[in-house]
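Pasting in a structure now, in structure tokens, and then I'll have a few things to ask.
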């Protein structure tokens, strides 16, 4: 069965003292399900997975799997440097009851393409769940080649790919080269209509935390072939995506993007506190105000 | 007190089924102490820290701290993506009884220099032990600027730096700019004499696993001002360092370097098994044979 | 007037002794015009501009401008490291009678975004012709931000952008943010239908040398709103684009891509000799044979 | 004959309207020769070669070769993207009467190591003069491996290397691996004593424009084995090198570094005008004032 539709990477609300805010997290899950999403992806980059301790990761898994209660599939990121560490996260996620694993290529280490292949094969063999490759060169500093993805797809080691590389040429190469049950998901917030047009199966939009209804509507329009409406919805969302640039050059891209999603969720009343994990720089009042204006312009406040 | 001398990043011997081989590890500690090293650095890059599970990291900490028994200081790498995860490793290492922590800048995330500053300050404030910055751009994809290192040194957040950037101009800028008790350690295996000449305090050489006597001798020569002898010893070690290139382009740089250290330790009879963690590519018999020849040429077999 | 449609970067055929083969070049121009292209772009990356001496560049300009005889606009790449060198190329191109200039950001030097702005402003002020920004991070090692492109567009310094960054999110940001007469062209061979769908004005496809009819047909389909047909044509061309990967990892990407275009043009009888400039590695017979098979599969042999 | 000693990359003074200021350039040559340098390197990165038109490059060649009048060897940079363009510069430089050529690996193009080998071999075969490889990854985005440099040295294609990579481990590998007549020059301003200590033959210091006496003195001290004096001189120069950071993050690294050298030469009365070529950002009065203070602290005002 191919995973399709809108699968937001669920933000991880924190309390002011940096603990997982499970009450806000369950409200966020409700908000996403009410918005019509098709599955949930916890512990992705937009979930601040890189900042969460293993204990916090487990709280997130238990909270979301428990609260979703089987209404939709839950995928879990198993983001870590190498195979043995990823396998540990996979074991925990499997025990928590998720439906699939999302893994990047190794990072921090200097890794050969043959070793990346071994990495995914090993996770597939020992992880006990379908594996989705997470192509995120901005973090991992390696681009997964279409050739490698297709090879791993053909042998059954990968159930799909989440392509956050921004390289839609490579995305198309995978779409045209795959055999039937392999799921191609774009991680781009602003080219969803065109990715679906090319034949992608779904989208994993960080911005989907803020406006799940919008992405669900976009997907529905595309599914019924109303591409004009899909494009109009996408263009509205692309303008909203401007919130991630409000932080500008005075902070890192992670702070700016993740801070914007949380500020917007806080302004919309979904989560109690917009704080992000250390060492991220918080948005200031002026920046939060500008996010509010962009939300209002998108009809979300 | 300034940390000085030879502080090898201790390799982590594994069994054929990829468990930590504690018997080999204690023999390796004996080998290093007999070689005359001044401190031990566990859970560094050469220790395959990126490949070890948290359970394995703890076994390494307990084994080495226990076996060293206070003869020399033991530093611990707390290598992870961001501040909260690093702090978890710091807590474990502190409980194990180490003398200092070695931390990189954040990786995987997109981090501003101000956020790197916050990262190190937070570890210093909450880690409970002296903190050494680990400058390793090949893994972290950020170079720590001399200005930032000196600023953190001046305020007492850093006790020292392990510079594995290969940039000896930056190393010198730190040496010339620091105030007294800040320890500057080079991570380069092949420019130790010149780093000491510039005023560095010591070296953290991966190759020191294979030939601790060599590095200890090099350091002693430099300490007593016999620079000609130091250079001769360094040149012998630089030729031995060729073992890390035996794996060539058919594997990643991590496999080639870490595999070579372990193959050499195995050939020298220090550890039982040269296996490296997944997904690294193992050296083949021909490559191991060439390492043997380089060991022989260096007088180590 | 906004530049639109198919604007191939014209390959530069060489003789076996590496001179510009003007007879083949004029045949190539005829082939492109017969294929229905809307303009010609000489001295781009696919033209081997980086390998041509200034004398050869001038031969190309004179040959193509002369032979095109005003039937379609001719744009000229003015590819060089910095502003003063680019202005020299601009002067020559203007004297040759081209209709517009295509310039990258500075490269080789370490350049601030403010200096990139100055660079384009100066070319616009002194170049005497409309200027198109060429966004090619794989060569220039800088990505032009959508914000900078839009700022330069708004003040009239840029007439358009050729986006070869592969980042269709950034492309869309420019499309949504621009005012009317600014031309957005994609440099991607395999996402033309989706770029046009987003609102791009045209395409600058290296593969358009090999199959100009295909790209012209794709553009016509999109223009009349027959997106299904546009996609089918794009998918055929995307499969043909596989020719650029035939050279594989035994040569650089420039050799593999430019060599493939020339081999295909030679196999199709358009140019006399498939040789590429030094120091590129030539394709061997086996590789050329595989290109022939891909051409046949695309109905081009 | 092996090239040795201090070989500054000669700055190119410009008039306020950006022409080559030949009067200032000849004064600068006099200043360098009076300072005791061993050779001159024109048209290097510190000469703003990337910003000079071909006409300006020729003016520089003629002016410096003419004024030096055979007192010392003059090397010429032949900096351009690929082999054919480099060969054109080589022809011009040879006609101007220089003693050697300095060439980088190809840039802008995507080049395989085998193609880099072909590039240098071709320049050696057709350039008509000794060729020095210029290893400058910050500009070229490729590091020349020690293995490739040594292979080209062994076959006689290279007469030497100017290593501006900052990687002193690689520098040492070349020094230890070379046969006799191959010249190893460091391009680092701040590790000259240690490079000479390792066995390097000389230095190509941009800062040598500002203080040629200092580098000549440093080299003399090292040559006679007075390493303590060499280090003291190096440390004084390392502190002076702080001038290149005065421009800070408001401009590109090229503007900051080249601007500082020219501001210092202007303050010292050697050149008439400190202007740098477009699109570089000029230093402001405050920054120039800080450079003046650093010059005074180094005893140069």
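Quick notes on this structure:
In this document, chain identifiers A, B, C and D correspond to the written order of the chains, with residue numbering beginning at 1 in each.
The rule we apply is simple: contacts are C-beta pairs under 8 Å (C-beta built on N, C-alpha and C of every residue); 3 or more make two chains touch, one makes a residue touch a chain.
The structure presented is a predicted model; accordingly, all values stated were derived computationally and were not measured.
Note on connectivity: the fewest chain-to-chain touch steps from subunit B to subunit D number 1.
Shared numbers divided by all numbers used gives the overlap of an interface; between subunit A and subunit B this overlap exceeds half, so the copies present the same residues. It takes 180 degrees of rotation, in steps of 5, to superpose the Cα atoms of subunit C onto those of subunit D.
Relative to subunit D, the chain whose mean Cα position lies farthest away is A.
Centre to centre, using the average C-alpha position, subunit A and subunit B are separated by 35 Å. Separating the CA-averaged centres of subunit B and subunit C is a span of 48 Å. Counting only residues that touch two or more partner chains, subunit D has none. Chain contact topology: the protein chains form a single closed ring, every chain touching exactly two others.
A list of each chain pair in contact follows: A-B, A-C, B-D, C-D. Taken together, the subunit B residues at the contact with subunit A in this complex read 18, 50-54, 56, 79, 81-85, 88, 106-112, 114-116, 118-119, 122, 138-141, 250-255, 277-281. Only residues 147, 166-170, 172-173, 176, 188-191, 193-195, 197-198, 227, 231, 235, 238-239 of subunit D touch subunit B when the two sit together in their complex.
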